[in-house]
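Here chain A shows up in two complexes: once beside chain B, once beside chain C.
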Partner chain A sequence: MKHIIFCISTFVLLWSSISFAAGTQYDLRVDGLACPFCAYGIEKKFIRTEGVESVDIDLKNGVVIVKTSEGKTFKEDQLKEVINEAGFTMHSMVQKPL
Partner chain B sequence: MRRIFWLTLSASAWLALSGQSAFAHDPVFSIGPHVLYKGGIETAIETARDKSGNEKESELGLEIVYGITGDWAAGIEVPFAFKDEGTESSNGLSDIQVFTKYRFWREDSLGLQESAAVMLAVNAENGDEKTDPPLGNGATDIITGLTYGYEGLKWYRWASARYVLPGENAAGLQLGNKWLLDFVSGWRPTPPEYTKPDTVWLLELNGEFTDKAELNNNSLANSGGTEWFVSPGIFWTMRNFAIKSGIQIPIASDLNGIQDESDYRFKATFEWHL
Partner chain C sequence: MLNSLFRLLAAISILLAVSGKILMAAPAVTYVLETNWGSQGSTPGKFSEPTGIAATDTEVFVSDARNSRIQVFDYHGNFNRQFDIPGKGHGEPGRPMNLTIFRDEIFIADYWNDRIQVFSLAGKFLRSIGTSGSDHGQFNSPGGVAVAANGDIYVADFYNQRIQQLRPDGNFVRQWGSTGETGIRAGKFNYPTDVAIAPDGTLYVADGYNDRIQVFTPEGRFSHKWGGPFAINIHGPFNGWFATVTSISIGPKGNIFVADFYNDRIQKFTPDGKFLNAFGITSDGPTHTAIAVAVSTDGSVFVADYMNHQIQKWRPQGKE
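Now for the complex of A and B:
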């Protein structure tokens, strides 16, 4: 019985780590962010993009956090273009797996 | 002659409020360099009221703006006017305006955006100038503008200049050309947080310098002049919704001939990004 519980637990842990860790988080340092209403354009642009799961914005520190689903990645130039089309300037980025 | 007086008065008031489409984070009575993200759609309902002596005018406008690029937007405003002269009143569709704004310079840094833009607006001549009081001036008017803006997390400031070039209507009446100069400060009392309500208080100084109107190339004595206003206002936003409002209070007036000085002008806008 203990073996069965151990096997099931191991399987569930492995499955969950495979399912939820495959996305990517992009922390973007964005210049020009001064008001929440204007920043809405960034969220709107990203949410329209397939594979983007969430967007959060920290105005005080000028950071935009974009989380993508499994297999969805961005190149730096793509992110810069999205930010520019929203009316702001991307300063730098950090990419990390979820 | 009374009709000419009304035409110059009401059209001047409308032109004073022209060329300043909604754009939430622009001042209430003047223009700023704010545009819209590429592909974005901004819709707004705008109400304005002004009173000069016995004449009162209210307006309800519907506006839609489209973001062509991250720095270029264009839109249309359809105004519905209610005019009351005391003994006579009229209401109906007023002159429709199409406008565009291009932000040609932008300097971004942490929590700060400085930028400058040019704008162009055209007022159509669809408003009926034969009603009493008239709903339009019966001519196509052109408005150009240049604006600078400093938008920080705590402080805002804007400066702008607009030039209004009215057309000549079928009766030979041409309103005077007009310069509008604006200086604005804004203050945000609490640091902004995304998804939380945000309030910015505004104080505007608005100057208007109008040439005399002409009727069949004859200058009209009771037209044109200079007015200065101080205008407290507010904009309140939450995510993609914005409410913007303010009142223009006259502080100095030097109008030619016999004209009623402005008592006040009020404006409120409800705006949302789709």
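Now for the complex of A and C:
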């Protein structure tokens, strides 16, 4: 019985630490991404932002997908500023843990 | 009141454009798609978002942007060789955009690393010009490059909203446009994407989001502009109008070829801006089929098809 409790506790601890260690995904809705001069400009800005692990552009849905490294989060205003610097306007944001 | 006047002008312009299109005689020369090649991928002969193109008398050079490389083909689309475009740090990628060939060198606008990279035609790295920033000789995402007969380099400095002229060693000569400021008046830019230099030194600028071409004399003075009514950032699908110009090239007879991105076509003009032809492959989105254009000495027109990850080769039919 002690072994079972130990195993379950260990699993829960490991699972929770993995969850807390993961980064965050931000789905940012931006208009006008069909032109690569625009999309690459946004990519360039984000990839040089500290804590950003990857940037993907979903052209079909006009969404910029930003994934951050462990423990790194952004406020909506920070993300808006990066998009603005690239010459665009962010319309909405969805945040979810990785 | 001004708004109503503007709408009236736009309506009149559209009527004139539509009637002009209906009444216009068929052009003496038409363009026929001879072949296209490539598909999405990273192996030789495939592309991941081609964004620039240039041609010698025998070969076609393609900026394969997301693969961070240049691929070289013969005129029939047979793969000849490739070379990587590196970023600044170890293992980092470059992001090649519009490119140009001058003598035996290829000049590549590296959008992500704020510099012009120069290679031999065989693919040997030779030198790099420029650094990141907004001072003279610095760039913020160069979109295109041209080289004059004396070796001077002209760069469309996209986010700095200007065109820079540099000596072959990178020393600043002069600029057009106000650094970091967009504008629709003559001599101002709204995200310039590419440049071309005629043999006499006339400078042609693809003024990207202003939906127009601007022309400057060899002495550097504004000469003329075209693209929609008054060439003041009114976009549309009619002949002579644009919806974001992303590349410009000069043909062997001095005519001007423009990649009209959101209209999925190449438009051809006389040097003074008179419309001659339009051709391309329509798209159903989400992106588009004509982002960059190059014209070879035999009159063939090569187009980088961003959406389909292909290269199109068009041939002229008829006499000019």
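By our rule, the second predicted complex is superposed on the first by the 79 of 98 C-alpha atoms of A that agree within 3 Å, B and C clash if a C-alpha of one lies under 4 Å from a C-alpha of the other, contacts with A are read in each partner's own complex, and residues count from 1 in each chain.
The criterion applied here is as follows: contacts are C-beta pairs under 8 Å (C-beta built on N, C-alpha and C of every residue); 3 or more make two chains touch, one makes a residue touch a chain.
Note that the coordinates shown come from a computational prediction; the quantities given were computed from them, not determined experimentally.
**Student:** With both complexes overlaid on chain A, does A:Val94 touch chain B (first), chain C (second), both or neither?
**Tutor:** Touch partners of A:Val94: none, neither chain B nor chain C.
**Student:** Once chain A of both complexes is superposed, is A:Asn84 in touch with chain B (first), chain C (second), both, or neither?
**Tutor:** It touches chain B, and chain C stays clear.
**Student:** Does chain C touch more residues of chain A than chain B does, or is it the other way round?
**Tutor:** Tallying touched residues of chain A, the top partner is B.
**Student:** For A:Lys44, decide between first (touching chain B), second (touching chain C), both and neither.
**Tutor:** A:Lys44 sits against chain B and chain C alike.
**Student:** Touch test for A:Asp56: chain B only (first), chain C only (second), both, or neither?
**Tutor:** Once the two structures are laid over each other on A, A:Asp56 reaches chain B alone.
**Student:** Which parts of chain A are touched by chain B and by chain C alike?
**Tutor:** Overlap of chain B and chain C footprints on chain A: residues 34-37, 40-41, 44, 59-60, 62, 87.
**Student:** What residues on chain C touch chain A, complex-wise?
**Tutor:** 49, 51, 65, 95, 97, 111-112, 141, 143, 158-159, 191, 193, 208, 244, 246, 261-262, 285-288, 291, 306
**Student:** Across the complex, what residues on chain A touch chain C?
**Tutor:** Per the touch definition, chain A meets chain C at residues 34-37, 40-41, 43-44, 47, 59-60, 62, 87.
**Student:** Chain A touches which residues of chain B in the complex?
**Tutor:** 24-25, 34-40, 67, 69-71, 103, 106, 108-113, 151-153, 191-196, 198, 200, 237-240, 242, 273
**Student:** Which residues of chain A touch chain B in the complex?
**Tutor:** 31-42, 44-45, 48, 56-62, 84-89, 91
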